[in-house]
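Take a look at these structures.
The two complexes that follow have chain A in common; it is paired with chain B in the first and with chain C in the second.
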Partner chain A sequence: MAGITLKNVNKIYPSRYGPVHAVKDFNLEINDGEFVALLGPSGCGKTSTLRMIVGLETISSGEILFDGRRVNELEPRDRNVAMAFETYALYPNFTIAENLSFPLEVRGMGEAERKKKIDKIAQIMRLESILEQKPPMLSGGEQQRVSLGRALIRDPDAFILDEVMSHLDANLKFQMLHDLKILHRELGKTMVYVTHDQMEALALADRIAVMDHALLQQAGTRNEVYREPANRFVADFIGEPPTNFFDMLVRRNGNDVNIVSEDGAISFSPPEKLTKVLATNNIDAVTLGIRPQHLGLSGTDGKSCSLKAEVHINEYLGERSILTLKSGNETFRALVPPYTSAKKGETVKLHYAPEDLMLFDAKTTNLIA
Partner chain B sequence: MAVTVGGGASAGAGATLPDWFTSKKKNPSNLIVARWVPIALVGLPVLTLLAIVIYPTIWMFYHAFQDTNMMRLFQHNWSFVGFENFKTVLSSARFGDSVWHLVLYLTFGTGLEVVLAVILALTLYEVVKNSLLRVILLVLIVLPMMLPPSIVGVLWKFMLTPSNGAVNHALLNMGLISTPVEWFNAGVSLWSIIIADVWNWTALPLLIIYSGRVSLPPAVYEAARVDGAGGWMVMRRITLPMLKEVIAIAFIVRFMDAFKFVDLVYVMTSGGPAQTSELPAYIAFQRGIREFAIGEAAAYAIVIFACSAVIITLFLKYLKKVLKAQAIA
Partner chain C sequence: MSEKNYALVKVLLLIFLGIWMLFTLFPLYWQLITAFKSAGETNLTVPTFWPDEWHPENFIAVFADKSNFGALIDSFVIATGNTLASLFLGTLAGYAFARFPRQAGGENLSFWILSNRMFPPVAILIPMFFLFDAMPWGTDSHISLIILYLVFNMPLATWLMMVFFRDAPRELEEAAYLDGFTPLQAFRRVTLPLVLPGMVSVGILCWIFAWNEYLFANLFVGSAVRTFTIVIPTFTNGSQTLWNLQMAFSLIAMIPPVTLFILLRRYMVRGLSLGVVKG
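The block that comes next holds the complex of A and B.
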């Protein structure tokens, strides 16, 4: 069992075109038994962070601690973590069963016990029918499941999983996410799960650490990163369809604060809490964010404020519809119930709750709270 | 569409051939160059091949069934003798002995070369991490292979000279032997050739295996590190199995060379003393080129060719089966 602490961790790769700063001043505390998702767009430094935790990459500066014990200098095998690789990294000359068995064999586990574990993991990963085949003959999704299985079959202090579901079909992914969650509950082991898919992160993790451009943007529970994103990037990256952003100006009128677009076509009333904050600071330009889920056609559920907009596109997506709307120069989306009859060119009233508005400083892009 | 060479090509051929090839408007001297250069480039090598490979091969097969020797060759009066030459070859004790020598050479020469190559290549890869040093060592290792065989033969003949040769000198000084080894006596001379050959040719399988190791996927080794496998375990369970085919190919390359191995034998011992270091190809060479028993030499060559073809076909079949089982081929 291990809690993992990253303290001011940096990774700088030397390269022909000059040093690449892949991870900058990364600080994160992962509790023992916690399921943490490391989320970010591709190239933001997720894999580099994992490789430093596992010990495959040297740490340029900073410290990594397992249960308070510095592990910077330890070889991967002395850190006792299991890793599933983004590139699968299966042993091509072994059958699937041998691939799963190898980490156990290395630890000197007996044949009978190995067999039992392989059968169990093969069942979870749905690999029973291909146990005797060799990796090069399998599809990407199958190889990925073997790779995940080879990590999960071990009994390490922590599991480090790098994009382990990226090549699975939607249906299977859904099942596997569920199974992985159950498995985590059963094992109670620390898991660090890297993904660029916010849906996976939201589905699985106790806590999500969002990265961009080598920097940790925010680490928090699902609710925190969804409701109180630390900055515009996090608000944009988490949630589907993406958050609507409006470049707005703050109009102060005594104690009353209004947020209006430059051309005056749209205005929002901030919640009381933000009104107080805005009344006292001197931020004039803000980026306002509101999720399409939080814009509705009826004023129920505390949606006490509204704005008018013209329907541009009405996309029917089965269990819901997406309206693309225009107001002044701004285009934005709203998620509404299916079979909404709004036609192109029609003007509708969109309701929102002031509490659902997110305001970001236009200069720093940080959340104003 | 066919284009008649040298004649007027139809404009329609432009659909498959480039403009400059078929166009009539271009400068005529250019056109001649454009038409004839490709034909010359393909034709000359084909003619050369016919002259130096195909014609002699047919000639050899023909004379294997004739009683040709030097005199009859010049008088043009050889005659058909059926399988007489093959009977001579296959029933001669000299040929039987040379086959045994070949077996020794393949086991201890070729075999040792491949084993040494595996050890050296993997050691070089695993131990020497500095890439500049690696290149320097590789160049040093490859040097013997770049010397002409005659030079290698002469060099080792000097080195192995019983009195005052460098090898005996060193062995005596180290106290490994008390009297000089007679390197060119019967029973020993074959081993002298094998030693020189190992020195000469180990670098070839080494380069093949080294490049095989370099191209193994590094991610697999990272997985093994995380799985906790130690160096020896990784070598035994992962590296060597993954290199199996490459090692087999390195062996085949040297194996094929063994059937035409003449040069060092000729330079170092001339098959002696008393034919105790002869290999099959050397006898064919000796009988044909030195003694002009053309028919018999041709029969030797065909027997050697047939044996090597059969063995190598079997070997490749086996290799293909292995590769298929691994889902690579």
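The block that comes next holds the complex of A and C.
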């Protein structure tokens, strides 16, 4: 069992074109038994972070602790963590049973005991029928299960999973997400799950750490990263379809504060909480974000405020429709019920709850409140 | 493509293959029939394309000098010894170049090693002779040729093994480290099996080169050690070349490489086609 702590961790790769700073001052505390997702776009440094945790990559500066014990100098095999790779990394010349048996064999476990463990893992991961086959013969989903099985079999302190579902089709992914969730619940082991797919992160993790450009942007529960994104990037990256952003100006009129687009076509009335904050500081340019889910056509359930916009596209997606709307120079989206009949060119009234507005400083892109 | 064009392509292909086969098989055919002719028949002004009389005893006559059999053994020892040494060094060096290019001297060093293979061997013939002559074992020994042929085979082995190791996913080794293997165990149990087909092909190439080498062998060895390549020209009778015996002996010398090739051809095809590792 292990909690994992990263303290000011940096990774700098030397390269022909000069040093690449892949991870910058990374600080994160992963509690024992927690399921943490490391989320971010491709190339942001997720894999580098993982590789430092498991010991495949040296730590340029900073410290990594397992249960308070510094592990920087430990070899991968001495850290007792298991990793599943994006490419599965199964040993192609050996059967599935042998693949599963290796981690036990190298630890000097006897044959009979090994067999018992393999059978047990095979049962959990549904591998019984393919134990005697070799990896290249298997489908992606099967290889993935073997790779997870191999990580599980030796009872490590923590599991590190790198983009393990990137190459699975949607159906299989759904099944695997479910399996993984159950597995985590049963084992209660620390899991770090790396993905670039926010849907996977939201579906699985207790806590999500969002990375971009080598920096940790925010670490928080699903609700926190969704409702109170630390900055514009997090708001944009989490949620589907992506958040609408508007470049707005703050108009103060005594105690009354309004947020208006530059051409004056759109204006939002901020909730009381925001009004107070804006009245006291002197930020004039803001980026306003509102999720398409939070813009509706009817004004019920507390969605008291409204704005008018012209329908540009009405996309029917089965269980819902996406309206692409225009108002002045701004284009944005709203998620509406599937039977909405709004036609192109029609002007509609959109309702929102002021609490759903997210306001970011236009310069720093950080959340204002 | 229409049915008719397809037939045409097929005919052209067969014609091409036919001509090509003529070029490659004719020397073999000539070698074969000459080996069975009498010495007199090989020297006719108008050559015969089929032996008038068959002389299978030529194949026994070549061993009249008992040491000729020893020459085959010497060649075998040298070729095998050199192949093992080339594979050992080439595998280790190739692995280093593939996995730790920066620490192993970068592209420049690996290319320099390959370039050793590119210059004309005659250029170093004399210097090498003096160099090896100064060694405690002299030039006339197995070990001298085993080491000398490394000049040609080690670069080839290093370069090819480097390519094969690059193809072998690094992640497999990393998975093995996490599974608890030491780097050496991971190399032996995980990576080496992946490049084995490639290694076999490299071994065959090295072995055949060393087996066939004449130029250096002719200068270096000759009394204590004799390779079959320098024995072949000795089949003469005064000023008359005994073509029949030369052909018979070279036919016998072809047996080991051909056998090797047939036994290992499955590895060879897998090893020399791209993606050795994909299996």
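Methods note: the second predicted complex is superposed on the first by the 345 of 369 C-alpha atoms of A that agree within 3 Å, B and C clash if a C-alpha of one lies under 4 Å from a C-alpha of the other, contacts with A are read in each partner's own complex, and residues count from 1 in each chain.
One rule holds in what follows: contacts are C-beta pairs under 8 Å (C-beta built on N, C-alpha and C of every residue); 3 or more make two chains touch, one makes a residue touch a chain.
Keep in mind it's a predicted model, so treat the numbers as computed, not measured.
K.L.:
Should chain B and chain C be called a clash or a fit once both complexes are overlaid on chain A?
P.N.:
clash
K.L.:
I'd like to know which partner A:Asn93 touches here: chain B for first, chain C for second, both or neither.
P.N.:
After superposing on A, A:Asn93 lies in contact with both chain B and chain C.
K.L.:
Of the two partner chains, chain B (first) and chain C (second), which one does A:Met137 touch, if any: first, second, both, or neither?
P.N.:
first
K.L.:
Quick one: is A:Glu73 in contact with chain B, with chain C, with both, or with neither? Answer first, second, both or neither.
P.N.:
Neither chain B nor chain C is touched by A:Glu73.
K.L.:
After superposition on the shared chain, which partner residues are touched by A:Pro14: those of chain B (first), chain C (second), both, or neither?
P.N.:
It touches chain C, and chain B stays clear.
K.L.:
Of the two partner chains, chain B (first) and chain C (second), which one does A:Arg107 touch, if any: first, second, both, or neither?
P.N.:
Both partners.
K.L.:
Pick one for A:Glu319: touches chain B only (first), chain C only (second), both, or neither.
P.N.:
Touch status of A:Glu319: no partner.
K.L.:
Once the structures are lined up on chain A, find the stretch of chain B hitting chain C; candidates are 27-35, 63-71 or 171-179.
P.N.:
That would be 63-71, the one stretch with clashes.
K.L.:
For chain A, which residues lie in the overlap of the chain B contacts and the chain C contacts?
P.N.:
54-56, 75-77, 81-83, 85, 87, 89-93, 102-103, 106-107, 134, 136, 150, 154
K.L.:
Can you check the complex and tell me which residues of chain A touch chain C?
P.N.:
For this pair, the touching residues of chain A are 14, 54-56, 75-77, 81-83, 85, 87, 89-93, 102-103, 106-107, 134, 136, 150, 154.
K.L.:
Using the touch rule from the top, collect the residues of chain C that touch chain A in their complex.
P.N.:
102, 169, 171-172, 174-182, 185, 189-190, 193-194, 277-279
K.L.:
Touching chain B in the complex: which residues of chain A?
P.N.:
Per the touch definition, chain A meets chain B at residues 54-56, 75-77, 80-83, 85, 87-93, 102-103, 106-107, 133-134, 136-137, 150, 154.
K.L.:
What residues on chain B touch chain A, complex-wise?
P.N.:
Those residues of chain B that touch chain A are 217, 219-220, 222-230, 233, 237-238, 241-242, 244, 326-328.
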